Structure formats: structure tokens, C-alpha cells
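Pasting the structures here.
The two complexes that follow have chain A in common; it is paired with chain B in the first and with chain C in the second.
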Partner chain A sequence: MSVRVSRRNFLKLGAAGLGASSMAMMGFAPDQALASVRHFKLSGATMTRNVCTYCSVGCGMLLYARGDGGANVIDNIYHVEGDPDHPVSRGSLCPRGAGVLDFIHSPSRVKYPEVREPNTNEWKRISWDEAFDRIARHMKDDRDRNFQTHDDQGRLVNRWMTTSMVAASACTNETAYLTQKITRALGILTLDNQARV
Partner chain B sequence: MRGDQINLQDIVARSASPTPSPHVRSGNIQQVAKLIDVSVCIGCKACQVACSEWNDLRDEVGHCHGVYDNPIDLSAESFEVMRFSEYVNEEGDLEWLIRKDNCMHCAEPGCLKACPAPGAIVQYANGIVDFNSEHCIGCGYCRAGCPFDIPRYSEKDNKAYKCTLCSDRVYHGLEPACVKSCPTSAIMFGTKEAMLDYGAKRVASLQERGYENAGIYDPAGVGGTHVVYVLQHADKPEIYSGLPKDPQISPVVEAWKGITKPLMSAVLGLSVLTGFFHYMIKGPKEEPEDDPDPEKAAADRELDRREGDRP
Partner chain C sequence: MKGPAVNHAFGSAPSGIMEPPRVVLPDHQLFARRAARLRTLSENTPGLGEFLAFIASVVQAQQQVLETREPAWVPAAGAFDAALEHGMPPLGAQALRRDIDWQQDLAALLDALELQAGERQRPLLASVRGLSVQALDDLAEQVLDADPGDSGSRGQMPLVAAALQVAWVRLTRALPRPPERPTGDVYALCPCCGSQPVASIVHVAPERNGVRYLHCAICATEWHLERVTCTICHKGGQLHYLGLEDGDQSAFVARAEACDHCHGYLKIVPREFDAEADPLADDLASLALDLMLDEAGQYTRSGYNPFLIAGA
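And then the complex of A and B:
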């Protein structure tokens, strides 16, 4: 259906439009403009304290997850900032720590055990049980083969020199204790527990 | 309605709005300020990352320009950048001046003055100047009005963006994200008064160490700012990657919004009024008869009345 607008009506409409827009320009706007700040994104989030995983400074972090811990929610971290009560960092973070959220959600993050078999360049996903079994097997074999009870001069040493434990810095005291205990119990001497792992 | 969920009632100025905002609740709201102490900044950019993280911004990964500035300039998705400049002082020694560049939150904001969209730029009683993107029409006048060249236009949604001084965090009793992250306390936050006090102490300390011209950058040309710098060389701020010595709102913006706009509005209103009175006194314009022949003229009028197409 076509709307027929005569020349006269067209001019009238035009004049009305011009008048209305001039009125709006002079401040008689029909709609009152209010303002709003962006909604605060942490209301109701579950806050968890943790230690930054990046380096040996061990800054305190607050991890904010959506969800209140109810049985039907799988929490997801969506904001991280410094822990003001942490004695080391008192709320501050370095650029890496401040951007740790993207590290947590990195698409290349390893989330499950994988193995690259000899003579292949493919990583194959395996189960945790399988991974533990394989690691234990390798360790046992190597230890059985290379464990030294006595050194060249016949002194008792009980050491395993062909395997080393490489741990990261961001562990808690408890983790550090367990790492040390397991490593020493196995007779491993080369233990490195540092930042840039 | 478009992003108007909260009526804050502590807004002291709004762009392009002649009607005053409701701000009875602005009594005893303290003016906040961020202090950036250039002399202790190590240029780590934790503030930049914290800013992106809090504001859910992920700017495009750019290219190395041979300098530490990264990104090389502000953008709609980078509300702040660290600007590195190498300055050779009078003794011939090199000084590495690293300035965190972001919105200064002027007490007399040029962006707000230049903005033609009602409510797109607001100033809260605590001093924060904020963009309400829902009302932004993307004209880019805010950038022209800004003496520090801060707002940036987004090609994604045709709107302008800048640092909000984390108005959402401040509103909820927290400090801005950049302030919290800073590992060297180069960025501090508090009331404007507390920041000026702290700044004075820093300046005294710098002067003791031989920086005779150390001082606080809180330019009076824009009524003072809610982001203040402590500079080692406050006598020449332009060495800090072009920090203006005496920032002013552009005279073009002043003339346009101060004189031209009300004048032209008056002229426009007057001409509409004149037209109205002319119509009332003189009546509508009569067209002369096209045809001297009365019979044909009558037929023409008939055609006009039926509003049909002319043959």
C-alpha cells in the first residue's frame, strides 16, 4: 500500500520536524538522560585466597569465582586481584600476576595427562591412573638400575643420582615438605624447587 | 531503558543537559584522586594489565615499534598506556621518564563541555568523569575537547571510551584496579586532599635528593585534576612524553559551547517565532491564479483539493 503525501502535507510535516528538532536542541528533550556506572562485577562472588604460581616472590591473590559453592554449580574463576592481607605483596601484583586470569583460561593450558611415545610427534591423552602407573614404573626401573649404596671409597651413601625432582616455587609449606620428604626418601639428591619452572 | 538502571543522584555535571541533575546527596562526598609518582615508577605495566583485566578489555596484540611503549597509543580497548621517554638532563645524564598516561579526570572537563549527547558524559560528586556509553553518539567531539587527547573512538561500536577511574570499584568502596596492582606504590589513591599531602612529602623528598624543580602536576587551567602526577621536573612537564604545561580547553570548544551555541539557538528560536507571528498576522501565502481563464483556474483548484497528481 502506498501512502500518498501531498506537497502541502509534506511541507507541514517537514516544518513540524524542524520545529521539534530545534526545540530538542534548545534543551526541551523529551527523554531525561540519567547515568549509571557499570555494575560492580564481584557482588556475590566466591572469594578464595591463593598464592601466585608465577615466581618465587609468592604474591597473595584473591580468586573470584562465579557461584556460591552450591552443589549444582561448577565454579569458574572470572577475576583475580591482589590479596591486601598478604604480607609479601599487600594487594599488589606484577603484570604477569595481574593477568593471571588469561593464564588460568588459556586455550593451551594442559588439563589432563598426555604422553608422547618414542618415535612419534603426537601427544596422546591418557588417564591419571595410567599416568601414575607409568611414572612409577619408570622411576622404579631407573632406581633399580642406578641406585648406589656405596661410593668409590666404600662409604655408605644410598643415593639415586640419575633422576631429579623439579618442583615449582608457588607451593605451600605443606607441599614443599611433602616434596622434600618424598624426594629424600627415594634417595634423590638433585632437587630443584625454583621459580621458572 | 538504555542503561539507566541506576539513578545515582550524586552527579554534578552532565553533558548537553541544561536541566540540573539531582545531586542533593552530594553533601560530604569526598573528592577522590589518584596520584602517579613518576619518580618511583619502574614501568612494569602491571597497572595496564590490571586495567584490561578489570574492565574486560583485550586489545589486539600489536607490533613492536622499537620502544617499550606497548601498545604504542591509547585505544578504545586500552584505557591507559605507559609512555617511556629518554631525557638527557643538563649534566648530560640520561633519565628514563616513564609516565602512566590515562584520563586526568579534570574538575572542568573539556570532553563534557564539548559533548553534544545528553548524559553521555557525567561528572560525579567525587570528581570522577565518566562516559555513559549507552548515550554516546560517537561524534568524537570529546576528543577534540580534551586538552590531554585521551578519549578514543571504537570502530567496533562507534562509541568513545576512556579510563573511568574504575568508577564501579570506587562506588563500591574499592580503589581503582591500577592503583591496587602497583608493586612500587607509584600509583596511590585517596581523597584529593590526602593525595596532595602525600605528594607534597614526595616532592620534599625529591628536592632533598637534588631534584630542585620537583613538584605536583595538578593543572589549574582545567580546574585541577583528579589524577595528579609527582614529577621530578615539574617546571617542564612536556619532557614527560608531551604532558601539556598549561592545559586549557580548546578556545574553539569554549567559543562554540560558550557563545555560538546559545546565540544560534536564540536565532533559531527567534526565526521560528517570527514565522509563527507572520502566519498569524498575514495568514498563509496565497498563490496567484495560474490561469487567467476563470473556468480552467477553477478546474485547477478542484484538482488541488482532491490532492491528485497533476496531468
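And then the complex of A and C:
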């Protein structure tokens, strides 16, 4: 549906029109009102709808950010409240959801892949490509070592029992479908979806 | 909210899912509350004190007329059933304008104002009294059409609008139930009388906490519109909430909800910051915000406040 925005929707109200406005015609000089503007500074906030990532309920949230929604908007989020129009939560947030602002700004929040190599206690930042390569390498090695084609009675099983997968609580149906497809194709049987927290 | 509230030592907890009403008709104390708000604003709004104090006395007179005058025409029982059933605005402002004796409301309003008005406003009241029935009807048509008219009669229009507001708020009481929320292209027009909203308001009340409503400029009916949705082009995603700051403090309760799709804005009044805030009153008091935004030139005002009609 296209919405027609006509000129009738807009009712200009500016300094130029104030001299001939109803206020002036009623005997109230607009000079002071015009002068008072100089005290003020314009400030802006942007509001964005989002869904809480904590658990599978998926409550609606409104995130308030300073500025005009440009770069670094995450650093500028200053308030979070329940979305009263969300059909699931209707404005409610649990204590964890209501405290999500501290999660967003947490200094220990994981924002990029990191690795802790064997025999060290230091976390090292790596790129996403490196992270995917490492995970794929580990999976391939483990699968090559432990993949079972037959069980001890000689029946065909084609399973990989030494690796399991836990999927996240905020998965969409589509993500859940892909998770199933990938893990089952690899022969993984131990798959869980953390749909409750 | 379903079920009884759960009380504990620190207050009470909601007991169920919030189900906010979709459309809320004005109550009997609307004008009294608005007048009180305007008096508060008149004391702490630089540059607009006298103007807001006068509008406060107009609104107080509206309350008096609403409480005391019996209208000559009362709609028959069931008069609005067909409109309500088929989702049409039952109190269509232009359609009912000639049926309703709002001009008597205007006369009563001017009587009530006579003692309140200052020296500078007396000629204005006298000039409105002197208008012919036809001239008043023409002004009413302009007010209901959000037409700024010509500068000679522009000062009279807010008083005509005040009388129309009394007549329409009274009419909403004749409705057996609130109309349905408007949908489709008319989602931002009043479901009662078809007029434009003056501003939107975000309530703080248990049954509609944080819920946004549009507030009709004429009949004060409020209808639900989802937060973070443009009231002009119905799109979401690129909305900014612009306010004025005085030092580190927010200067007004009202913000401009500005949209980067249609480059328009409508004021939004979050009651979270002041539970007494009123869409019409706080829109008037935050005139400086309109002036700043007009000067910046990025966004154009929408929202019709019949108490402040600007020249073309």
C-alpha cells in the first residue's frame, strides 16, 4: 500500500509566519517567543525496534540512541524499554531484559572472535576467516578420527558422536532448519537448542 | 489488564498482559486538566507566558460551557449505530457542522471569558461577537479544514475552534461506544470526527503504559498508533526524536518525531517526563522547537493546533 503524503499534511510554523499568526492577531507580540529560541540547543535521539536476544520468548524492545543513527550507534544507546506494541511481550521485560543496557555496554562483551591457544592464559583476537578455518579444521580432524560407519553389531549407522552442537535461544525457524540440515548431514546426533534459559 | 493486581510491600505488580484500549473518548474533566496544565506552562515558558495564560482562560471557559450549557440539538438514540458498525467516523466534523448549535457554545464561551480577558483581548472578543452567522460558519469551515484563512480573521479562529471543540467533545458523549481504530490510508485521521491530530501522546497508566496515541485537534479522541511509526507516511525505521535543551536540561516535554522518509514531523508528548502533560497545551508551549526546526529547514511540521494558526 502506498501512502499519499499531500501538502495538506504539512502546516508550516516558522518565524516568518508568526507575525501574521493567530497569536499575533490576538494581541500577543511574538518577539519574546522568537527571542527565547536563542537559549536552546537542538538535540536528537533515534529509537529502534529490536528483539531481546536473551531467551526464546523474544520480547520486543525499544532502543534509544543519541545522535542521528549514524556510525557507532551501539556506543550511544542510553535507554532500553519494553515495546508496548509487541504482540508477545506488550511492553513487559524481565529483569534480565530490562537490564540489557549493561550487557550492551559491558567491558567484557564479546564483539569479535578470540582464541586461547593451548598452554597459555591469553585471549588473542583473530579474524572471522581465521575463526571459521580453525573450527572447520577441528571438526574435520575430529570427524575423521571418530566417525563410525557401523556399530559393534555390524549395523550401518554413519554417525559422529564425539562432537555436539548447541544452537542459540533466539534462533528463527530458518536458522533452526539450517542447523538441523548441517548437523545431520555431518552425522552429528547430539544436537540441542537452548530454547529456555 | 486481566485479573486483580498483586500487591506487595513495595507497591503492586501487573497481573497479566496489557491490553490497551484502541480508541479512547475524552472524559468530562478534559478542559479543566488542560487549563491547569496551561497555567503551569504559562509560568515557566519564557516568551509565551501571557499567551498561554490567555489560552488557559479560554480552556477554563470551555470546561464551564461544557458543564453548564444544554445543547438545543441532541442526537437521537442509535443515530450513530450505522457509522460505528461500518467503520465510518460517526461525528464527521464537516457533515455535522450545520446541524449543531456550536454558535451558542461560542456565545456562552465569550460570556465566560468576558471577566478573564485582559485589555488587549477585549476588542477581539467584541469583534467575534459582532460576526454574522454566515461569517462564523465560514470561519468554522476554515478551522475544520485546517485552512489558515486570511490574516484579518485569523485571530478570531482560535475562539471559533474553542467553541467547536466544546460542541464535539459533548457529542462524543452521545456515542454508545468508541469507534474502531482507523486503518489503511486514514490511520492518522480521527476515527470520531475525521480531523487531524494535534500531536501524539505516550501514556503512563497501568492499562496503557508506554502506549502511543494520536490526539484529535477538535474532539480530543485518542487512537492508538504503534510507537516508532511515522504519523505522516506510516513508515518506520528512520525516525528521530528531536528536542530542545536548555543547558543540560530538556527544555520541553514535547519532542518532534521526525521522519527521514517524508521529511515531516509531528510532536510527541511522553508523559513519562511529566504526568500532567497535555498534547494541545504542550504543543503550544514548545513553539520554540517549531521555530528551530523551521529555521533548520530539514523537516516540516504536521499536526494541527487550532489555537495557534500560522500565516501562509
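Methods note: the second predicted complex is superposed on the first by the 122 of 197 C-alpha atoms of A that agree within 3 Å, B and C clash if a C-alpha of one lies under 4 Å from a C-alpha of the other, contacts with A are read in each partner's own complex, and residues count from 1 in each chain.
The working rule: a residue touches a chain if its C-beta (ideal position, glycine included) is under 8 Å from a C-beta of that chain, and two chains touch if they have at least 3 such contacts.
Since this is a predicted model, take the numbers as computed values, not measurements.
Trainee: Just to be sure I read the superposition right, which of the two partners does A:H105 touch: chain B = first, chain C = second, or both, or neither?
Mentor: The answer is neither, since A:H105 touches no partner chain.
Trainee: So in the superposed three-chain picture, is A:R116 touching just chain B, just chain C, both, or none of them (first/second/both/neither)?
Mentor: Touch status of A:R116: no partner.
Trainee: Which partner does A:T46 reach: the first (chain B), the second (chain C), both, or neither?
Mentor: A:T46: touches chain C, not chain B.
Trainee: In the superposed arrangement, which partner chain does A:L93 touch: chain B (first), chain C (second), both, or neither?
Mentor: first
Trainee: Quick check on the superposed pair: does A:R125 touch chain B, chain C, both, or neither? Answer first, second, both or neither.
Mentor: neither
Trainee: Should A:E81 be classified as contacting the first partner (chain B), the second (chain C), both, or neither?
Mentor: both
Trainee: Specify the partner with more touching residues on chain A, choosing between chain B and chain C.
Mentor: Touching more residues of chain A than the other partner does is C.
Trainee: So in the superposed three-chain picture, is A:K140 touching just chain B, just chain C, both, or none of them (first/second/both/neither)?
Mentor: Neither partner.
Trainee: Would you check which partner chain A:H150 touches, where first means chain B only, second means chain C only, and both and neither mean what they say?
Mentor: neither
Trainee: Classify the contacts of A:R184 with the two partner chains as first (chain B alone), second (chain C alone), both, or neither.
Mentor: Touch partners of A:R184: none, neither chain B nor chain C.
Trainee: List the residues of chain A that touch chain B in one complex and chain C in the other.
Mentor: On chain A, the residues that contact chain B in one structure and chain C in the other are 4, 8, 19, 22, 25-27, 32-37, 39-43, 81-82, 84, 91-92.
Trainee: Which of the residues in chain A come into contact with chain C in the complex?
Mentor: 1, 3-5, 8-28, 32-37, 39-49, 62, 68-69, 81-85, 90-92
Trainee: Which residues of chain C touch chain A once you look at their complex with the stated criterion?
Mentor: Where chain C meets chain A, its residues are 14, 17-20, 46-48, 50-51, 54, 120-121, 123-124, 146, 148, 151, 154-158, 184-185, 196, 208-212, 226-228, 232-246, 251, 255, 262, 264, 287-296, 300-304, 307-312.
Trainee: Hey, which residues of chain B end up touching chain A in the complex?
Mentor: 3-8, 11, 14, 17-19, 44-50, 52-54, 58, 118-120, 122, 130, 132, 134-135, 164, 167-169, 171-172, 177, 180-183, 185, 265, 268-269, 272, 307
Trainee: Which of the residues in chain A end up touching chain B in this complex?
Mentor: 4, 6, 8, 19, 22, 25-27, 29, 31-43, 79-82, 84, 89, 91-99, 101-102
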